[in-house]
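The same chain A turns up in both complexes below, where it pairs with chain B and then with chain C.
Let's turn to the complex of A and B:
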């Protein structure tokens, strides 16, 4: 959890807006630090977190969270965190190992052509609607959705999945959804499916965080820019008050946190 | 023209609001719905994109009670099986919509709002969606159909074929200029309205707009763009030489005076003699060729060749 980002977003673990869909996307930069932020943020806030880790192993997230002061293994034991090891399970499905019934969640990957992500949604639904225990509102975090495109899932199927997650978690249960999507790759290749996915998600999100590298190239002291774009959820009726609608900050990732500053005001520049 | 659409005086038919990620058009759709509710019209909404609660937020409390929301948000693809009898995006047909509307309909003509058609288009063939829309439009049941369409989510052909059916298309784009009207904050967006009236005439207008907290729309008139200003009427018979502040022709007397004038840098005989006249105290060049000076009459610059 990065306190500076909390003050920018005007949230804290004690007080945060509910029923919001946050889209995190990146282009020529890595936005996974935001995923680590949201994971530790919601765990500290006492929410029940369902995490779909599709690009890294549990031990990776656990190691990073340790640095941010949150113990994932403990949270998992207590039932606060439900972690889907997508990285390992997708591999075993694609290699046709371990065809047991409990891998139904990701079984859509073995179907060709892949029709829908109903199984994965079923997993999420069971997780967020199940026994809540002492935990707060449910939170779904996905890292990252676009990797499904590489596994042969169509953009439309992913948009349907995200719609169902939003309808269940945000609207029905008043929880929050955070999804990460990778943008175009380094060569700037225009991937049609990826573009559709990003556009579709951007239409339905309440807050979009777009991370991108500096246009001027690599810099030791400024790692990139993050653009915050509020699209007016239930908190504000519409998008009036445009002055507050879109803001851009530059950031620098440090050892145990991230510092955010206005454009051109890095301590290395001034 | 935008205000006419919100007031519902533009003549009914199919109204398409085309938006993109950079400038959401839902606020305009909600303004239209709100205005229709205030006029005590009966309004039905096919909601796919946002929940009922989110759609109702901001609408006039009293008037919003008469709004009928058909829930296509919770389970549009029948995955959960929770909402039996709910609206689905899978079978978008004129009959089904007509049946839904007639279930809870007053005697007055109905305004139908679709939020958004993009959901329907993603799950149905374009041709059948267009057919259903056309069928609904021709139907006497509906007074107006308001459709929100995310144009950047579909191929151009799909968007165009839907817009082709529409009697009015409002394209919403972000306002890019600096400051709008003096003393005001910049408008939220630009609405380009194309309206096809029954006589076949096509009207086009571009307006800046802002939607307030109470969903009232403020229109600032046309943005001034140099590329779009109408060309001024040109008078072909006007003499370009008329009304000049200087003279283009010379009289005989003027011509003589001009010819007599010696130009300052012309080398006249007078000037030459003035320059060549030896002056007192002026320098003199004495040159006595010695034996080494091999002066060649034919090539005086011989010594320059080294």
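Let's turn to the complex of A and C:
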């Protein structure tokens, strides 16, 4: 959890808006640090978290969360966190000789072409609808959705999946959804599927965090900038008392957190 | 030299054991576990266990070394001469450290790659030191001032060689090839695609093409059999598996991304890399893959491939490049090296270099990376 980002978004673990879909995307930068923010934020807030870790192993998330002051293994034991380790599951499905059982969460990956992510949605639904225990509203975090495109899932199927998740978690259960999609590395790459996925998700989100590299090129002290876009009715009040829908900050990733500052006000520049 | 190497390895293993047994209570517990694997060390930044790529300057550029369980992608230069050299360095470092190797190729037989491994410069450092000392010792003028060095002269030479071979990262002489005894001492599994595949391949219904599936099964088999997945016996010394895959994604692997804009197997390579990442993350192994990225027609695929790898390095040699005509470059360097991606494993922050302007150079005997400036 990064306190500076909380103050920018005007949230805290005690007080945060419910029923929202947050989209995190990046371009020529890596936005995965924001996933760690949201994971530790919602765990601190006492929410029941369903985490689909599709690109890294559990130990990675656990080690980073440890630095941010949250113990994932403990949260998992207590039942607050349900963690799907996509890497392990996928490997066993892809290397399996017989493709008979269709009951697994990720079994859709063994079919080609892949039509729907029903199994994965079933997993999410079972997790958020199940026994809630003492935990607060359910939260779904996906890291990252776009890797499914690399595994041959179509953008349409992913958009369907995201829509179902929103309908269940945000609308029905008044929880929150956070999804990460990784963008293109260089200008001029034309990834049609990715473009369709991004525009589709951007259309349905309440808050979009777009991370990108600096337009002026690489810099050691400023790692990139993040653009915050509020959609729909929500706006933020800026310093002059006016409301706006869009704000841009630059950021620098540190060992145990991230510092955000207005453009051009990095300590390396001033 | 090979026999000596073995002794040294044994000595270093023994040393590891004695450390874990412990003569002092000041050993850090978490660390003593790692000491027993030769050729590795914990990273300075995040404590991650890392191994050397074989090129010391490359280690420096990517933040100390390759994390165990990670995947390094080398985007080949036009003639595949330097990327192939990096692959050989990577494997040779494994041989010297006593790691197991897995070499996969579709073009040349892996045996040929193995034969071309560069010779390590193991004895040079201590020998020159000893000569240096002797020379100074015989020189009457500096005898007084070099008294401390005089004392060290009488110490057995074994100690210096031990220090040099438990060292992290070695130097290699690319003009000579490694001697055969040393090569044969290394445990090595080879994967040569043409000899693995039946001529008539069955109708492909799976997500990956058959070559990739075979390769993945083969790697999984080795990891499982040799106990790199952590299921190894207690008394067996732990080691690292170094996997080297040459020219992945080229047409010889049965992939069509190199000659079609919208290939039939568009997801084959990315699915393979995803599964490979899953295999690596759960085992004591590290992998280097070279990919002919300049041949891949659809740049969106290359972008996805990059994201599925951990560290990505691209080599742009001046031979075969647009910059070839400019004599300014040619004088100093052989090409440019772009660090495209550095992973942040187990930490928020990744290694942040001062500058990204790097160039590589092939000196008479070795490959080095330098800052690029005029």
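What we mean here is this: the second predicted complex is superposed on the first by the 249 of 270 C-alpha atoms of A that agree within 3 Å, B and C clash if a C-alpha of one lies under 4 Å from a C-alpha of the other, contacts with A are read in each partner's own complex, and residues count from 1 in each chain.
Operating definition for what follows: a residue touches a chain if its C-beta (ideal position, glycine included) is under 8 Å from a C-beta of that chain, and two chains touch if they have at least 3 such contacts.
Remember, it's a predicted structure, so these values are computed and weren't measured experimentally.
Chain A is touched at more residues by one of its partners, and among chain B and chain C that partner is C. Residue contacts after overlaying the shared chain place A:81 against neither chain B nor chain C. After overlaying the two complexes on the shared chain, residue contacts for A:228 are found with neither chain B nor chain C.
Contacts of A:70 after superposition on the shared chain: neither chain B nor chain C is touched. Looking at the shared chain after the overlay, A:139 reaches neither chain B nor chain C.
In the superposed model, A:50 lies in contact with neither chain B nor chain C.
Residue overlap on chain A between the chain B contacts of one complex and the chain C contacts of the other is empty. Taken in their complex, chain C has these residues touching chain A: 205-208, 213, 216-217, 220, 266-267, 270-271, 274-275, 277-279, 281-282, 299-300, 303-304, 306-308, 340, 344-349, 352-356. Chain A contributes residues 116, 118, 121, 125, 156, 159-160, 163-164, 167-168, 171-172, 196, 199-200, 202-204, 231-234, 237-240, 242-243 to its touches with chain B in the complex.
Within the complex, the chain A residues that touch chain C are 30, 32-33, 36, 56-57, 59-60, 63-64, 67-68, 87-88, 90-91, 94-95, 109-110, 112, 147, 149-152, 182, 184-186, 188-192, 194, 218, 220, 223, 253-258.
By the touch criterion given at the top, residues 21, 24, 26-27, 30, 49, 51, 53-54, 57-58, 73-77, 79-80, 118, 122, 150, 152-153, 185-186, 188, 210-213, 215 of chain B touch chain A in their complex.
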